[in-house]
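Both of the next two complexes hold chain A, though its partner changes from chain B to chain C.
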Partner chain A sequence: MADLLRDFRILLRVAWLTELEHKANFFISVIGALAFNAGQLLFIGVLLNAFGSIAGWTPAEVMVLFGIRMASHSMYAFFFRRVIDVDLVVHTGEFDRYLLRPTSPFLQLLTRRFNLQQFGDVIVAAAILAVALPKASITWHPLLALWLVIAIGAGGMLEGALQLARGALAFRLQNTQSLTALIDTVFGTYGNFPLQIFGTLGSILFTVVLPLAFVGWIPAAIVTGRTDSLWFPTWLAWLSPAVGVAGMAAAIFFFTRQSRHYSSPGS
Partner chain B sequence: MIEVVELVKEFRKPQPTTGRLAGVRQLWAPRRTVRAVDQVGFAVERGEIVGYLGANGAGKSTTIKMLTGIVVPTSGTVTVNGLVPWANRKKHAYNIGVVFGQKTQLWFDLPLRVSLETIRDLYRIGAADYVSRIDEFDEVLQIKDFMDTPIRSLSLGQRMRGDLAGAMLHRPQVLYLDEPTVGLDVVAKQALRDFIAEQNRVHSTTVMITTHDMDDIEQLCRRIVLIDRGRVVYDGDLSSLKRRYLPFREVVITPGANADTAYIGAKHADRLENADGTISLRFDPERTSAAAVIAQAASTADIADLHVNEPKLEDVVRLIYAEAER
Partner chain C sequence: MIRLGSTNALFFRANLALSMVSVALQTVLLVTVWRAVYSGHGQVAGINEADAVSYAVIAMLLWHIALPWQLSSIPDRVREGTVATDLIRPIGVVGQSLLQAVGATVGAIPGVMVGLAVAFAFGGLEPPASTGALGGFLLTAALGWSIAAMLNIAVSMVAFWTTDTRGPFYIYRAVASFASGALIPLWFMPTWLRPLLDALPFGLQVFAPLQLWHGQEPIGRLWAVLATQLAWLAAAAAIVALVSWRALRKVVINGG
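Now for the complex of A and B:
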């Protein structure tokens, strides 16, 4: 583990130096992320202004949900965003290098670039939560705050796990990019709403099949005390962060197994 | 050092899908099986330099990729210094250095210095060792001239020298080179060969090299493994390979200005008249000697010039490939 952390630091330095080679990228990335998220926020703002509340949740509660989803996403973007590059790394043969070096190929994948856009996501998520949390009438307790932090981290892991599992398919299949966009779109579009608006069937679907309930809806319901909207018992909701952690562990295992099918392009 | 037994690699390639939801439909696209390496076996001792030869698509690179642990074999076994490459990946990484002529193992956007420092840190190479090895490498490879240039801005020759330094920095016991001299100029090729030969001599580094450059082989390798369509067709030393595929040697005679050449033609030698007026006498060295052929020619006609053609590996390989095509 100490070895892995040391390798992480070594690889992070290279990634950071690579990013500095393209300085203009930094500002464009941050501005891009801010603009994209502001657009989403505006859309929800319009919805809330038009209808007042969404499926029984007050505007402040929906904002908390949106903030948590953004925070989860920024955790994903911060630590795991490079998992979307598996296709590229496999098809260009960059993965050869990861297998030849005496450290984890997964770690080398995560640090192949230092994703600057993540700063934009973090800023937006922090800003939204700073505005929304005080407005929603939340009964704070230190354990609840701690749970929220864990849930946000686990949400990021879950999104990373899905993208990693998708990426791992690239070892055997040629074109899996459309699935990346699918996961991004589903999380980015539906993840921002209290899922009960999709009906019981819809909310079950978004919990079990496409598990985006874990990155926003469930944590927001716990924090704002709106567990009445969930379709399963509250005690189960408290355990929900386990899904993200287990999901990531399973995805890394799957990735490692699939990497044995790596065929390395060219001569 | 390297043990390969009945090594097989089959690739199952999906037929590409296009159009709507291609990524999803790909999941059940039909597949076909291609056998790239077929029952390959050989053993390499410590300190050997082995040329691994074959035409394009013969299975050379796939074998090297299995030996390095990049590709997992379909069946058969590989052990390198007692380790199974793909199963003991991390430990094995310390034992091997790899240079692919086609793609760099270094960090493309960053100066060579950063790549080498990163390799130093990842392999836990001490500061003093690092400095002395860079000095040692620089003597032959002259890498200090471009240490601060990003890899992407290096010439191919410089990049290959940088890659070689990167591959040998942790002083591996085995060095794999996959077409290391392709596209290089004569000077750069020579620097690479000198470096490889020196590492082999000084540190007993085991070297396995694939190349289409016959000078690489003639200068570096005492032993050759030839592969064709995934199978080993020859494994032995260079001179026996030449003997087996080119059993004939040739004396080429340029007759004097008004010489009567009618009687030139020794016993056990085939006579060929070349378009440029010279006469080739092809003979089997097992049955007669160059001296006998030359003496006979000199005694029957006035000779202006003559030379003996040694068999070239290039001709051997051309012959074998042509045989394979048929």
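Now for the complex of A and C:
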């Protein structure tokens, strides 16, 4: 484990230095991410402006949900974003190199490039939470704050786990680009809504089958005290971060198993 | 070239199947979200629920064609150095990219069909207001697509200057998606934002054709839309010509 952490640090440093070589690019990337997130913010903002509330949640509560989702997305972007590159790594045979080096291929995949855009994500997430949290009537407790931090981390792991499992399919299916786009769109667009608007069946689907609930809805319901909107008991909601951690562990296992099906393009 | 573009899109069967499932799922989600948002409201900004749902579905499908995940093959080809081969072909880089875009659109048709079928099954599709409205929609949607294709190429040529194209692409994608009315119909935008959005070419790609579909614009104003679209198409073509003229002086061929 200590070895892995050291390797991760070294690889991250290399990737970071590579990106910083082009300073202007750094700024353009951050602005790009800001624009992208601002687009989603405007989407929700215009809806709230035109309709007043969404599925019984006040604008402040919806914005808390949005901020939490954005924060867990930036955790995902920081640590796991490169898992979307599995297709490319398999097509070009870059994976050959990973197999030859003396550290985990998964780690090398994560650090093949440093994602600068997450700074834009982090800025937006922090700004939204800073504005929305005081506006929603929340009874704070140190443990609640701690739980929220853990839930945000676990939400990032869950999004990463889905994309990683998707990426692992590329070893056999070769091209899974549209699935990447689908996960991105579904999380980016529908993860921002209080999921009870999809009805009971929809919210069950989004908890069990396509687990959107864990990146925004459940944590926001706990923090704002709107657990009445959930379809399951509140004590289960408190345990929800475990799903993200378990999901990531399972996805890494699946990735390692699928990578045995790798056939080098031989170049 | 058109065939290459569509074969490209259709080559990976698994990806094609996934993209159809993806469009179907997004259609269901869109219909549900808009219905839920509307529950308890009769009309918002003068638009009723059925129109808003139908708008959202068709706008998503139009956008699916006009702004593909990959703007053009130029960035990849510049990075790999294969753009050298493109440059010596008799048809020119822009021509090739345009034809590939046509091909990619042909390749996206199965997905669009699935989306329309799913929306229809869920009762989320309103027919066009009249035959004239349908004609106006088709005409303006085609012109809107051409503007989008031109702008996509212009933006993707950023690759001639910078290797990492993600930043500029994100900005373009975000602005275009929002201003076109693909995410939210421009009806719902705050009034102070409308003049700015109307001054951009993106509304002509999605919002204007859909207004015609819903019989919103008196048919006489069709000519105004068409004239603006043609003007923007000419402007976009001029931008592409200018950018490609500059780009070809700048081009670095990677690889040996």
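Rule of thumb we're sticking to: the second predicted complex is superposed on the first by the 266 of 267 C-alpha atoms of A that agree within 3 Å, B and C clash if a C-alpha of one lies under 4 Å from a C-alpha of the other, contacts with A are read in each partner's own complex, and residues count from 1 in each chain.
Quick note on the criterion: a residue touches a chain if its C-beta (ideal position, glycine included) is under 8 Å from a C-beta of that chain, and two chains touch if they have at least 3 such contacts.
This is a predicted model, so every value here is computed, not measured.
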{"item": "Touched partner set for A:Thr234, first chain B, second chain C, both or neither", "value": "neither"}
{"item": "Which superposed partner A:Ile10 touches (first chain B, second chain C, both, neither)", "value": "first"}
{"item": "Contacts of A:Ala50 with chain B and chain C, given as first, second, both or neither", "value": "second"}
{"item": "Partner chain(s) touched by A:Ser137 [first = chain B, second = chain C, both, neither]", "value": "neither"}
{"item": "Which of chain B and chain C A:Leu179 touches, first, second, both or neither", "value": "both"}
{"item": "Touching partner for A:Arg101 - first (chain B), second (chain C), both, neither", "value": "first"}
{"item": "Which partner, chain B or chain C, touches more chain A residues", "value": "C"}
{"item": "Chain B versus chain C as contact partner of A:Phe193, first or second or both or neither", "value": "second"}
{"item": "Touched partner set for A:Gly39, first chain B, second chain C, both or neither", "value": "second"}
{"item": "Chain A residues contacted in one complex by chain B, in the other by chain C", "value": "22, 173-179"}
{"item": "Sites on chain B touched by chain A in the complex", "value": "11, 14, 16-17, 21-24, 26-27, 29, 56, 60-61, 65, 68-72, 86, 89-91, 93-94, 96, 98, 100, 102-103, 105, 107, 109-110, 114, 118, 121-123, 150, 178-179"}
{"item": "Contact footprint of chain B on chain A as seen in their complex", "value": "7, 10-11, 13-14, 17-18, 21-22, 93, 96-97, 99-103, 172-179, 260-264, 266-267"}
{"item": "Parts of chain A lying in touch with chain C, wherever the complex brings them together", "value": "22, 25, 28-33, 35-36, 38-39, 42-43, 46-47, 49-51, 54-55, 117, 173-179, 181-182, 185-186, 189-190, 193, 197-199, 202"}
{"item": "Chain C residues touching chain A - in the complex, by the definition given at the top", "value": "11-12, 14-15, 18-19, 21-22, 25-26, 29, 32-33, 36-38, 41, 44-45, 69, 162-164, 166-171, 173-175, 177-178, 183-184, 188-190"}
